[in-house]
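Multiple structures follow.
The following pair of complexes shares a single chain, subunit A, combined with subunit B in the former and subunit C in the latter.
Right after this comes the complex of A and B.
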């Protein structure tokens, strides 16, 4: 049950949503990972032409987006006060 | 010019109240009928970013975009392809036609611009931004650009 083939606009919208959700993570490491994973995942599947695999990849991405959204909220509830050293602007 | 950036940054933070006077020599805001309109306490009319500053920041965001396709990774020769070169980035360069980026890169660049200027660009508007020129126009016209 992979659903309908997404349009180009829908794919780009999913990409944008994933990147926006990634930016909302409070933890530096998870945030950077989510961003990297989204970019890598979309780049690797760039050349997909078979409609069923495109639809499968799209629904895969949508479920990952839902997971990321929930986790961003959960992480923000338990966010530690001390920020990662990578986020320190001035040394 | 750095001096122009300093000037605009300082001017943005100094707000000098201007006192206008009516014919009788009293301050304009004491006029019984039109007084309130002469004082605009909460006006941010001249708060827009300087156009040159917008151009500089937009171009620096585009220049710092790596633009390397990880599926092309394979040895040192891949580092030579598809970096965004400094000379190519002009205030009217098109992301896909001039810089050889694709639609995924365009989405990333628009999000990087959102972060730089602390904006939240809706999807419909973001889809239209596909060149430096359009990005500069949109950001200059946006009241919340910071």
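Right after this comes the complex of A and C.
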């Protein structure tokens, strides 16, 4: 399964899922990090042409998506009552 | 307890009072830190705790209410009218019954809560989302810039750890069932991950409870093993307290220790180190990255010297692993301490690297069932160890990305502060520094008031281990920083999860607070007028 080369649509769908999952984190720092890391990770691998490395990167991305999904749930269940100072709207 | 500041300067008996050569000699052989205040060296005779010595005293029966956490249920008042003084054993028994009754009665009124819930949050604030702790009210959780004290656990590390708390909870030393086998496999996989990041063989990695334990085993264990032939240890004055305290312990046992001074930029003089090594030197211990000032020592050079002289080289790499590239073979390291919670792993776990070729022998500090090849007995905590392994693997993958980003953030912080303030001093060398650690001193500002005003930023002044005492940090003292500058030093710790917005907010808050304090400071007014503070003749009132 990991040997299958993903199509452009699949890659874009993975990217969008990662960004959507990143936005669901309740912790400010983790949320920003997940979003930033996903964008930078895709940007870094943009020039990959070799099919096996593309497939490896894609499967790596999918496993990271699974991890992010699980952890978004865990973080939301244990979210502290008070948010970070960066998220509090100051007048 | 005597406040350091209340003692006038002329009465402070310190090494500074001695003649310069005597002072250097004094500092080279005296441990820079005072003994750790927890337990005295000889525990007996120990005073009995209050609940045993005076179980029925009025103070215990009618305690004054705590203003911050008033009790929801008033305590049980128990009046015992006894004509005879109760003997010790009966008093203890009675105290136990009082305690049990006290616990049961509230339990009938309130549902039982778990220890976790009891220990977690402060009491909920009345109106909006405010956090009130220790008399301070802030609108949200502070932004975290104290990465040298500890780091948040990376979600990928937590994901690796959770199965070992939920279903795979076996003891890795159980050889007879699946639970044990899978735990052992996980521990060995983690060992390989830790070994990979330092360039070692997995057989050379031993898991401990943290870098403090690893340092203790390295310093005390090595010297105790070679106690017949080797009686001397060489270390620096800026080491972590656990190394310095272990060296003090060795001094009390009769070993000799040389505490090398450091230059003004925090780096140790390699030639002086080479001179300090004697034929009976058993260990040289120099930390790779300092936790307070972030200075990176020339480990490769020191390792080369130690190899030439045939001395064991130990480095406390707790702040260095995963942040700067470390290779135990290239740097000729014989022993190394690694900490889990400094690299986005869990707290309570660390590792010790012991070289096999040539073999480094240590006397174990933990006696027991012979786990970890007899070096460290005790059940290996599988979830923590798996977390540490995952953290090390992540650190290896992300080191380049993180370093680039953290360096950019450090520049942003430093430029932001120095563009709007003068009199800002960076403690420690700027070139040989780990970029995630920035220790700044602000002139003409009082340190504690600065920290009080920075409540929305979680920073530290001095290391977490010494923040309980009022003494200026021994590391800054070793750098030759003057006392007033040492008191205003702030350590900003930048990490993987820090954002640009947080850095900008921290800069804003720091600059505002420093400006506010300097506005109020008459000393600063005089400096602005051009008066040289050091040459003032103060009038006698």
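Just so it is clear, the second predicted complex is superposed on the first by the 89 of 91 C-alpha atoms of A that agree within 3 Å, B and C clash if a C-alpha of one lies under 4 Å from a C-alpha of the other, contacts with A are read in each partner's own complex, and residues count from 1 in each chain.
FYI, a contact is a pair of C-beta atoms (placed from the backbone, for glycine too) under 8 Å apart; a residue touches a chain by one contact, two chains touch by 3 or more.
Please read all numbers here as calculations on a predicted model, not as lab measurements.
Touch criterion met: A:12 reaches subunit B, while subunit C stays clear of it.
When the two complexes are overlaid on their common chain A, residue A:40 makes contact with subunit B and with subunit C alike.
In the superposition on chain A, contact is made by A:83 with subunit C only, not with subunit B. Counting the residues of subunit A touched by each of subunit B and subunit C gives the higher count for C.
After overlaying the two complexes on the shared chain, residue contacts for A:23 are found with subunit B alone; subunit C is out of touch. In the superposition on chain A, contact of A:71 is made with subunit C only, not with subunit B. On subunit A, the patch touched by subunit B and the patch touched by subunit C overlap at residues 40.
Of all residues in subunit A, those touching subunit C in their complex are 25, 29-30, 32-34, 37, 40, 64, 67-68, 70-71, 74-75, 80-88, 90. Within the complex, the subunit B residues that touch subunit A are 69-71, 102-104, 107-108, 111, 115, 123, 126-127. Across the complex, subunit A meets subunit B through its residues 8-9, 12-13, 15-16, 19-20, 23, 39-40, 42-44, 46. Across the interface of their complex, subunit A is touched by residues 121, 124, 129-131, 138-144, 152, 155-156, 158-159, 162, 401, 456, 496-499, 501-502, 505 of subunit C.
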